[in-house]
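One chain, subunit A, appears in both complexes that follow, with subunit B as partner in the first and subunit C in the second.
Moving on to the complex of A and B:
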């Protein structure tokens, strides 16, 4: 742990854009947030909202041929990441900032044993011997509770189940004691019972290691169970931010409210046999990001929208105790229960 | 809901051979579906829920006769279709249609969407030319698409709209049964609600029977009337949804329900840790009860005897040796 105070990661007014045949896609359109040391921050939203591109921007993994960070600042431990060279970024990735993705098979090398892959990361970043690297790999596999870890060191990714591969990814990501772990839909491809195991493991390891986690997901259940603070994104913009309790208690952005009412729920009392209450739909579709969005991006789908919403982009305002929301009509939304 | 089942499946088995060796002889079999029995009535949704590899999608394919069963019986609207050859099956295909998870992969990218949706109408000789176009326009309206969109191609639609196209196509021949395999899994939450609502409306309007296949318990509870929980090729529990969610009797059902995340931070940490480990391979399932390797309550008997699916209470079927007919539905004890 470094002694410098303040957030470990500060993202300011990030704009990430892609050039396509249809024009420039503003995938991330002015997003700011902090990640405090040791906290779990959730970034939630639907496909195309820019949550993954935000993560890729932090890691500087935006494909150079098509995309770029157009403006904004990303500071890690006070150091500006957007201007680092690729070599400097390589020293950071997998070491002080690491990541896990949805599909572990695409991130693991199929022709190397898992022991070799974890050891390679440790040797490269910490400059230890191969022997020490392998010992560290064993410790890590044991830490993520892979049974018979000594033997698994010499297995290849295809010999492992999906849940086990994700455990290996977590072991590798944590092998150099990173300050920040970015997890992009880490349990989306897993079965329900395996997802529960991996989520429990991530929370437990976070407590143990003090690594801050940025958890990117579309799943409100996963957000509710694992995060402390949540950023809600829509069409490349941050529309709401609050502590997880506040967000689920009193969501203030009409989009967040819509999302929460659109999901079928298991935790509310079962209805009388046979009746199937209607889910609340969010009408319409997400906007096309190749055209500049005037006003609030959610306005065309929003029941509260006024002329002003369609004309002027709403700023993020503090609705109390750090609960940020970008909505002109927040007072009406609040009253509307 | 009328009482006569529109789809009956009895003792359904589907094994996929595993070939090996120089001569590619059969060296084993993936027992994808291993003796499954259920029925669906008109206007009813039967949910098939389970994790990957449990055989739920294979059941869907077999009842559609896209693949042939190894054993068992499929009765569609009173007629045994199990042994029908593709030619003879063809006339029955009107009765049973399907909706896929990813409708895009089932749509010809070179045909306008109106032609795609209208294809079954022509194939079955229901309507042609202007009459067909009129019916397709009506189908478009019914599923919430503008009839002008008939000229557009599949790639010009969003994921939710494509699922609507898939639904329109399935509806076009006025089927009795629709097999829906993860129809909303690829959709965003806000769009998922639109499609689920549409499916429920259409069911009520046309008396459709749905075989609804999904891994998502919340979606399942929302849309189903009855739910069958599958594990490694077998149904382990079958009940109406209220019973299943309030009084699950099979340890695997209990594990599935407790593993599901809830969108409520206050419930954090309440999740009981019930199952450990992974689902075993269906090519080499454990003997006895398939679930015994992960079950807290398994006894020596469970490791050798496969439990039959028994009706322990009216309409509530469970395959667990520790849940005898008329037994105490309370919590099981963990054997010492």
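Moving on to the complex of A and C:
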């Protein structure tokens, strides 16, 4: 990997908004994070917290009729993406930053062969012939361990299983050796056994190619297994950020703690009656984003919330060694551990 | 694929047989007696009976049907009651203008309407889209004969750019042939175009919202490749279907268009034959039109399989 030192991707104070009949939805409301070269960053949160919109904003794939990046900066290799022309963005997409999606069943074009769909990416960005593009497609299918890759080139997506389709998506996304791969819930729609295979494959390929991965998921288990650093999002804001070890050792935001208590665990002892403690849900609902949120977005659902939480938006503070958290009551939360 | 095509070809035979049976009996049971018309208004009962015998209309219906079907299998559509010419020859004489008119209309309509629909879907809810769809509604609502007279008034009478009516066979020169087809094709094609453009737009809009289009965009593909390959190929099945259904629209439109523009085609032949109760000619024409429709459907069914590999019957 060449280029300037420093993070490959820097997102600063990103605001992405959608106009709806009910008003402006602030889907991403001032999010900042960096992605280092070759790193795996996890972005975690519930449905509707703005994590997918963040991903789509980076590639500028927000539908123009309804949504827009209202403010903020996205720098890739030091280059500002928000001011690039659409044509310049197209040169970047699928080439230097690529993306895979949640639904492998519907994300591939049903009427084009797998080979064509991979090869067109290579032909488009690397300026090679179709013959070379197909050869690259074959190499990529082989790399993602699809058996009998030569024959699969001429098959259509409906002839492949869900796991294989996601492998094809990965092959396609990595076919031009991108510097960043954004994976939006890549394993959510897959069987658990297949999930593990796909995650292992992504990590293995990352080690091989040095591609940085932004892994977007609602599944803390996936985060624990695959990522190095984690950003926790809530209601369009970043509420916590830490290395994966720190986050699981000592989650500091009440929301992150809530998420962790909602993970089923096998290592918790059953009591004398043989029952295990119930999983705890987080009470309440995600706030409606058409109203500007005053104070901390999580306050209405938070057991630690005070008047100040409801009045003033908590800034991100460094709780030590780069562990960032946006909570006024972090000391109380820490003591309550 | 070959086996599929052969199977579809064989499947058209029973359809044609049913059409033949239906046509034969429909006409027999329609009111009106051709023998009486041929014999003339003042004819005696005997004269009428004589004509009836000559035409074979006095025989039992089933016997008439047997004779007719045997001839049909040999490619003989019978002899016109009025002109005494073989029906096949009458049809062959009139085939060229109708074929030229429908094919040119089909070609021009599809070549214009599909791109228009694609652009409308791409620029959905923008000005271009609203203009196109406004014209589509207008085009769809306008009867063929009204449009035909408007076109004749401006292009032929006022500005004298094109012939008012008539048909120039292709052997008399290519340009006169094309000139004679422009106004009839436009008159006939506008409804058809409106239909195809609307379906193309609707089908494209649905496809453009699909996940695989998002994938194509995330690969940074050029807009034309996303629209014309990734989207249009998926949107094609309903479009091709409506193009096929529209052929029926064209065939009925041909009758009116040929009358307005005084083109000696199958449409005019049909009107004349029906008015005179020229049974053999009407039967022959319906069979030819039905055959054309079945053939179009066959082509469309086969095209589905090329457009989408998941489709096999």
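We adopt the following convention: the second predicted complex is superposed on the first by the 326 of 337 C-alpha atoms of A that agree within 3 Å, B and C clash if a C-alpha of one lies under 4 Å from a C-alpha of the other, contacts with A are read in each partner's own complex, and residues count from 1 in each chain.
The working rule: a residue touches a chain if its C-beta (ideal position, glycine included) is under 8 Å from a C-beta of that chain, and two chains touch if they have at least 3 such contacts.
Just so it is clear, the structure is predicted and the values come from calculations on it, not from any experiment.
Trainee: Check subunit A with both subunit B and subunit C modelled on it and let me know: fit or clash.
Mentor: After superposition on subunit A, subunit B vs subunit C: fit, no clash.
Trainee: Name the contact category of A:219: first (subunit B only), second (subunit C only), both, or neither.
Mentor: Only subunit B is touched by A:219; subunit C is not.
Trainee: Applying the document's definition of touch, where does A:196 land relative to subunit B and subunit C: first, second, both, or neither?
Mentor: Only subunit B; A:196 stays clear of subunit C.
Trainee: For A:260, decide between first (touching subunit B), second (touching subunit C), both and neither.
Mentor: first
Trainee: Touch check for A:16: first (subunit B), second (subunit C), both, or neither?
Mentor: After superposition on chain A, A:16 lies in contact with neither partner.
Trainee: Given the touch rule stated above, what does A:65 touch, subunit B (first), subunit C (second), both, or neither?
Mentor: In the superposition, A:65 touches subunit C alone.
Trainee: More residues of subunit A are touched by which chain, subunit B or subunit C?
Mentor: B
Trainee: Name the contact category of A:278: first (subunit B only), second (subunit C only), both, or neither.
Mentor: Only subunit B; A:278 stays clear of subunit C.
Trainee: Give one of first, second, both or neither to describe whether A:248 is in contact with subunit B, with subunit C, with both, or with none.
Mentor: Touch partner of A:248: subunit B, not subunit C.
Trainee: For the combined overlay, can you note the least CA distance between subunit B and subunit C, rounded to whole Å?
Mentor: Least C-alpha distance: 7 Å.
Trainee: Which residues form the common part of the subunit A surface touched by subunit B and by subunit C?
Mentor: none
Trainee: Taking the touch rule as given, give the residues of subunit A at its contact with subunit B in the complex, in rising order.
Mentor: Within the complex, subunit A contacts subunit B at residues 46-47, 161-164, 191-197, 199-200, 218-225, 244-245, 248, 258-260, 262-267, 270-274, 276, 278-282, 285-286.
Trainee: Taking the touch rule as given, give the residues of subunit B at its contact with subunit A in the complex, in rising order.
Mentor: Of all residues in subunit B, those touching subunit A are 51-52, 158, 160, 188-194, 196-197, 200, 215, 217-219, 221-223, 225, 240-242, 245-246, 255-268, 271, 273, 275-276, 278-279.
Trainee: Under the definition above, what is the set of subunit A residues touching subunit C in their complex?
Mentor: Answer in residue numbers: 59, 61, 65, 89-95, 98-99, 101, 103, 106-112, 120-121, 124-125, 156, 158, 169, 172.
Trainee: Give every residue of subunit C touching subunit A within the complex, in rising order.
Mentor: Per the stated touch rule, the residues are 124-125, 210-212, 214-222, 225, 229-230, 233-234, 307-310.
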